[in-house]
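Naming follows writing order (A, B, C, D, E, F, G, H, I, J, K and L), and every chain is counted from residue 1.
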Amino acid sequence: MTVVRSTLPDEASRVAGKALQDTLVDLLGLSLIGKQAHWNVVGPRFRSVHLQLDEVVSTARTQADTVAERAATLGVPPDGRPETVAKVFALPVPEEGLLRDADVVRLMADALGAAIVRLRERVDATEKADPVTQDLLISVTAELEKQRWMFEAESTPAGA
Amino acid sequence: MTVVRSTLPDEASRVAGKALQDTLVDLLGLSLIGKQAHWNVVGPRFRSVHLQLDEVVSTARTQADTVAERAATLGVPPDGRPETVAKVFALPVPEEGLLRDADVVRLMADALGAAIVRLRERVDATEKADPVTQDLLISVTAELEKQRWMFEAESTPAGA
Amino acid sequence: MTVVRSTLPDEASRVAGKALQDTLVDLLGLSLIGKQAHWNVVGPRFRSVHLQLDEVVSTARTQADTVAERAATLGVPPDGRPETVAKVFALPVPEEGLLRDADVVRLMADALGAAIVRLRERVDATEKADPVTQDLLISVTAELEKQRWMFEAESTPAGA
Amino acid sequence: MTVVRSTLPDEASRVAGKALQDTLVDLLGLSLIGKQAHWNVVGPRFRSVHLQLDEVVSTARTQADTVAERAATLGVPPDGRPETVAKVFALPVPEEGLLRDADVVRLMADALGAAIVRLRERVDATEKADPVTQDLLISVTAELEKQRWMFEAESTPAGA
Amino acid sequence: MTVVRSTLPDEASRVAGKALQDTLVDLLGLSLIGKQAHWNVVGPRFRSVHLQLDEVVSTARTQADTVAERAATLGVPPDGRPETVAKVFALPVPEEGLLRDADVVRLMADALGAAIVRLRERVDATEKADPVTQDLLISVTAELEKQRWMFEAESTPAGA
Amino acid sequence: MTVVRSTLPDEASRVAGKALQDTLVDLLGLSLIGKQAHWNVVGPRFRSVHLQLDEVVSTARTQADTVAERAATLGVPPDGRPETVAKVFALPVPEEGLLRDADVVRLMADALGAAIVRLRERVDATEKADPVTQDLLISVTAELEKQRWMFEAESTPAGA
Amino acid sequence: MTVVRSTLPDEASRVAGKALQDTLVDLLGLSLIGKQAHWNVVGPRFRSVHLQLDEVVSTARTQADTVAERAATLGVPPDGRPETVAKVFALPVPEEGLLRDADVVRLMADALGAAIVRLRERVDATEKADPVTQDLLISVTAELEKQRWMFEAESTPAGA
Amino acid sequence: MTVVRSTLPDEASRVAGKALQDTLVDLLGLSLIGKQAHWNVVGPRFRSVHLQLDEVVSTARTQADTVAERAATLGVPPDGRPETVAKVFALPVPEEGLLRDADVVRLMADALGAAIVRLRERVDATEKADPVTQDLLISVTAELEKQRWMFEAESTPAGA
Amino acid sequence: MTVVRSTLPDEASRVAGKALQDTLVDLLGLSLIGKQAHWNVVGPRFRSVHLQLDEVVSTARTQADTVAERAATLGVPPDGRPETVAKVFALPVPEEGLLRDADVVRLMADALGAAIVRLRERVDATEKADPVTQDLLISVTAELEKQRWMFEAESTPAGA
Amino acid sequence: MTVVRSTLPDEASRVAGKALQDTLVDLLGLSLIGKQAHWNVVGPRFRSVHLQLDEVVSTARTQADTVAERAATLGVPPDGRPETVAKVFALPVPEEGLLRDADVVRLMADALGAAIVRLRERVDATEKADPVTQDLLISVTAELEKQRWMFEAESTPAGA
Amino acid sequence: MTVVRSTLPDEASRVAGKALQDTLVDLLGLSLIGKQAHWNVVGPRFRSVHLQLDEVVSTARTQADTVAERAATLGVPPDGRPETVAKVFALPVPEEGLLRDADVVRLMADALGAAIVRLRERVDATEKADPVTQDLLISVTAELEKQRWMFEAESTPAGA
Amino acid sequence: MTVVRSTLPDEASRVAGKALQDTLVDLLGLSLIGKQAHWNVVGPRFRSVHLQLDEVVSTARTQADTVAERAATLGVPPDGRPETVAKVFALPVPEEGLLRDADVVRLMADALGAAIVRLRERVDATEKADPVTQDLLISVTAELEKQRWMFEAESTPAGA
């Protein structure tokens, strides 16, 4: 029973809806692991990394909301329930317990990097199906790439 | 390797830490199902319920952060990773797909009600172990009970 | 012993002062029954009516303050003590206990309607005595009429 | 017909509900007499006392709302209607008409002092019944005691 | 006499300018019928729909301004005068007089749906002519589709 | 079928309602031609006039909303649909296309001047029917007269 | 050479213009003596009176601006130059040098009282000439009467 | 009777006090003539000059307050009463009635220029007497010179 | 030594990086010449042009930052050092010394026009290489075209 | 001579008053050493630690004020004079002169840790005497423990 | 071991550093005694003095921070530890326990007066050594003199 | 052709103008190299240094504007065009490409240090010519010295 009619043809809705659902899981997962690291990071860079992670979480939450509402708009009910996120989320996840600062920086750069590879495929996949969805995914990519840059820049060795 | 020393004796830390970890999972789970309903609710009360759910999510997120940082403060690393949340979360979860407004209101009242029963046990359990943690759990309970009241009030039949 | 001298002749002060004192009781009473309904309303429209009532209460409190200070300005000490309000207040009051949403909407429309009838008489009565007081009562009327319209519009049956 | 189910056992609800209802009347009464004095105070300290009273009123209104919603949360419909307030309110009330500044300061210190004695009994009474309600009453007490201190300090004679 | 030179070739200006002018009329028309419904809606959902319509109006006004200034930027003077809007506007318009809430929700969903169909054609039409204009029309589409979703979700029957 | 009952006698409602409906059309028309000029003005004073017009538009929109809600409050459904505005609006309208700055200043002074003449008649007409409506029309007049003054002052020749 | 044409007949403009010009001088004068007292007051109530005077000055300046722009709107150029203010201002003025607090309170009550007597005459005088101007003068009166009340209340003897 | 003791030797107080009193009159006078021009300016640049003048007035008022309180701080009661300002103010004053825009710009540049010449003398005069006062006069000069520059720049002929 | 790895293939990074670096120089240059004109403009339109230029500068600075961080994100270190800007910047630059207002308006329209021509080429060049970069350049173009329109509109002759 | 009467029995006042006075000295001392470190810290983590210390200082100052006013409320005059603080303060204090960043982090963790041990004893001591004071001390403890956690987390070695 | 190099010659650094260190102690001491009086003042002027003292404290804290960072900037580590403040602070200090309002006003006027005498000597002493430090000390003096004026004005007898 | 007349004698204008022009180039250059480092810094301290540099840039831009407008005020047209900045700027400039964090910190400390040496000479040079300009240069020096201190403190080795 689909009660919200899409403004797109069925096939286009399906393609765009799948790209959005997959992105939703990545973003919700990122927001959870971002918080996990926010709470468990230790080391001399604690404060800096602790604050930086909250910006990632804030970004991921806002984007998850936009992405999920876009799916709903296309008549494709988004799924962000705990079990779905746990089952589908495929990016790197931190170990249990305390996390050293340099490891967190590396992990976030990797997790964001992996999310971006997947997003770029979805940007291509939605170009024909729905330019509105594509435009949204481009802006998600832009933001995550910026976040990744900052963790990358931070994971290089210090100057003399 | 526990690098953050607790300010409490070991047993007290363990008791308080467990109460906080269990509360953390309930709150993260509530924030995820709250958003799930926020995106998928339909029916004449869509707008009202849609907005109300965002207040629950906002409350649950803020409280989850406070609860997790309290655990970290006691030297007990909190665990809010996707798999942990999925495995441990035991409150009612919405079905996949669109959700009728009255069903959402009922579900949230039940989920909050179940969370409150568990919280009240933890309030008792932490009284001796750590009054600071108990005080925090009391304030979480107060807020969730208020949210539950509003969904309860909303799930009674309309006036003539 | 009247220590604050009025800027009006005695009779004009008396007329304007009486109109203001009567309006004060109506507004304080409205703020109390608005809160009573805010706390006790139940039914599917709970959230919408709950929020709407707080706007009525906020308006009534602000206006009560302005009206009372106008009386004081004219050398007529306003009386808003609990017993005075209880004795003089003559608008419809909700029953004890929970209130169904549709009943609340009807009650507020009626209470505001009754207050407006009385206000319009006072607008006439103060025209000669004090145009400043009349202008204030006109603006109170305008605001209460707007609030009443919204409850009236809400108490009509739903569309198909 | 009680449609909002409590999260507490019946007896605990009854005890907490009674403490909250009695506190509600005290706070609504304080907000009304605070405004009465705000409008009618005269004397060299007019401006200072006039402003200070608005802080008491603002505090009392906010607390009354929290207290009443806590009662509703426990399934005990709060009663703040004009007649209930007038009948039950038992704290000192100002005389009709203008009030000298020193008398207002004394009256408010006494009214707040009387309210605090009653609140401290309710803090004891709710300890077992509901720690959430107790915690709320403790914070109401803390705030009223601070307000009372300021009126007390103000009612001592001036320096040389 | 065209005094503002375009930054595009003539044909591209013409194509983009026409898409913008047509969109301008749709948006101005939507802002007028949104306000019409905002003022005349009645029924139990009055408050919720009344507020929701103001968000549509606010969105439509902001977008109309952006769209018209984009046309001006391309050297194509936009036309949003009353007579032009009345003559060209082709989306559903509410009847005269009071409007039942469910009818308003349906009407807005239909009007927004019709506007979106036309916008998607313009997104295609401007792709080659001017990617800047296309990007703007994509963002207008995204926003109107979100608004439409909410009215669609609201026009489904209530839950049990 | 009039479902919102007026707080005025029928004849008074009719008189006030007509004055409000006529004013609504003038204000909506002014907001549309103000925007038209805002987008199409050219000349050395472009920026100054462009900004000034947005203040007129903002004022006219806010007043239109207040005026229409006043009509609704009196049980007279306002009509601001595109066709109604186009048919009834009788103030000067700018030509199609670009507009020289001095011409815009002159046009707005004239359009506002014409609106004011009509408003002053309605102020007289509503004095007996409804002082609340009259008071609202007086404040609309005051604001439009101030706006007109500024365009008048601007259309005089420059100093040496 | 009058280049800003009035929207009123000549005689009405003259009457309203004179009322506004006279009010302008009173308000500018009040703002200057308010500041004079703000700087020179001494005594135990220094801080309270010092702050209160700034509210009078702020009110008087805002009203002076509104009143002068109203005159300009009617084609009557307002005159607020130093010499004009000095020559025409007829309200009580403080002595040179330091001023005792109780004397300042008395002086301000008297100056505001004298201004109000004159304003009430102008409210009568403009009723026929221009209801817009009258409405403005009524609101100036309301505000000055409130300020006067506070100084009056403050100039009564202290309580026991 | 000087009740506020200065923190400076008598002669230094006298020198600084005189410089401050003279500056006070200049600033109060500038604020009055700035407003006079704000209300009476006409011509194509009306809006721009009208807004610019309010910035001069706002600056002059803020500085006048600081300067007068500095005098009071030094035990020298400042005098800003209407008659004092009128008698002592010696900068150019606008004619009665409407003022052409270019003339206003010229007048303000000249008035500010004259004020600056006098200020620079006071900066020299207070260097030894009181570096705190000198520092304040330097900052007044800096601000007035900036304002003057803008009027100067504006009074040059337009580009081709 | 490139330590920040790109998320794009090498060739795509190179193309996008070059487009971004060239745009960076244009934007930094525009911000410098915008300020130069902001400080040196003279003529009757001084204030209007002075303020308008600050909006260009603010826009150019914000965009320069976004563009440079995008380059860094792609592993292409941006170069905005004084010498680089001076050597590469190829848009029109104002003469030394004072600038007449009409000349500034013309110069800015031309400089922005030249920047836009180059941006449109880069929008084409990056379409395949990186849609995220293209999207960013489209939004830079949109904003600069709007700024250019306003200077163009301002450089047409005044109305009669 | 104790002029502010307590709302508690004498012994309870004495116990609570002592706990508050001791806490006051700890908090004032923490605010002073936090600032000392804020000014004198050097090393690669300068900026991060410099900012973090200001949060400790801000927290300690706010809490000191609340704690001292609570003592005053109980009729026990708080003592926070320089000599009292210096004599009674018993937490670790930084050496004179520049401080290396890692040493500051360690010192603050230790100082906060020592303060917390003392606070937990006072929480126990005040449970019977005054639950309001106990509640305040619990919230002070919660906040200082959170601050201590962050310095602890920061004093662990960096990740690989 | 001085690791932060000064930008001044050694002797100049020494002179400026000493002036800053001495001022730091005065300001920290003033902030502590200001709070002491804020908490312990009693009498009819309690509220007014209580609020005024918080402004002194806020000013003293902000200035202390600026002064200490200026010392650090010159390579002279500031010392604001409890023991240093207690040992060096030489201004009047309030007695233990409650303080009558008039006594507090007198004490603050005296303490500020003593601080100003010392500051004026430091202004002279730093003129040659470092004009940047001198400028900062001048602004500290200006602010403390203003605060002192207000306490002085307040300690004169009341008007009749 | 100098159309803005100076308020200073010619020689004084020349001296002050030269000091301001040289300072302008230093500040514009600092803002450009600050941004260059902001974009290209890498290393574990990336985030901290990245944020700190934006504060330097923001300060330098604001000061550049003030300095340039001061020059214009004195009739000396400031020159901040790209080529001028490149040719005249003589402070250390970062290498092309990525920059290690410690190197950036060192570079900024050195660049600010060099700028300060030059500023102190200009403070001396302008003392006689124009105390207003001198005062401005003193405040620029104070701010840059504070920024330099923070980079200096950051470039010392870490604690144990």
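One rule holds for everything that comes next: a residue touches a chain if its C-beta (ideal position, glycine included) is under 8 Å from a C-beta of that chain, and two chains touch if they have at least 3 such contacts.
Since the structure is predicted, the reported quantities are computational estimates derived from the model, not experimental observations.
Colleague: Could you tell me which chains make contact with chain C and chain F both?
Modeller: E, G
Colleague: By the contact definition above, name the pair with the higher C-beta contact count: B-D or G-K.
Modeller: Looking at B-D and G-K side by side, G-K shows more C-beta contacts.
Colleague: Pick the pair from E-F, A-B or K-L whose contact list overlaps the C-F contact list by over half.
Modeller: K-L
Colleague: Using the average of all C-alpha atoms in each chain as its centre, how far is it in Å between chain C and chain D?
Modeller: 23
Colleague: Provide the C-alpha centroid distance between chain E and chain G, rounded to the nearest whole angstrom.
Modeller: 49
Colleague: How many angstrom between the C-alpha centroids of chain H and chain B?
Modeller: Centre-to-centre distance between chain B and chain H: 62 Å.
Colleague: If a residue has to touch 2 or more other chains to count, which residues of chain I qualify?
Modeller: Residues 3-4, 42, 44-45, 48, 69, 72, 98, 102, 105, 135, 153, 156, 158 of chain I touch two or more partner chains.
Colleague: Name the touching chain pairs, please: which are they?
Modeller: So, checking each combination of chains, I get A-B, A-E, A-I, A-J, A-L, B-C, B-D, B-E, B-J, C-D, C-E, C-F, C-G, D-G, D-J, D-K, E-F, E-I, F-G, F-H, F-I, G-H, G-K, H-I, H-K, H-L, I-L, J-K, J-L, K-L as the touching pairs.
Colleague: Considering only the defined contacts, which chain G positions touch chain C in the complex?
Modeller: 113, 116-117, 120, 123, 134-135, 138-139, 141-142, 145-146, 148-149, 152-153, 156
Colleague: Which residues of chain D touch chain K in the complex?
Modeller: 44-45, 48-49, 51-52, 102, 105, 150, 153-160
Colleague: Flag every residue of chain G that touches chain H in the complex, lowest number first.
Modeller: 1-4, 28-29, 32-33, 35-36, 39-40, 42, 61, 64-65, 68-69, 71-72, 77-83, 85-87, 89, 93-94, 96-98
Colleague: What residues on chain L touch chain H, complex-wise?
Modeller: Going through chain L, the ones touching chain H are 3-5, 7, 69-70, 72-73, 131-132, 135-136.
Colleague: Given the complex with chain H, which residues does chain I contribute to the contact?
Modeller: Of all residues in chain I, those touching chain H are 41-48, 50, 98-106, 158.
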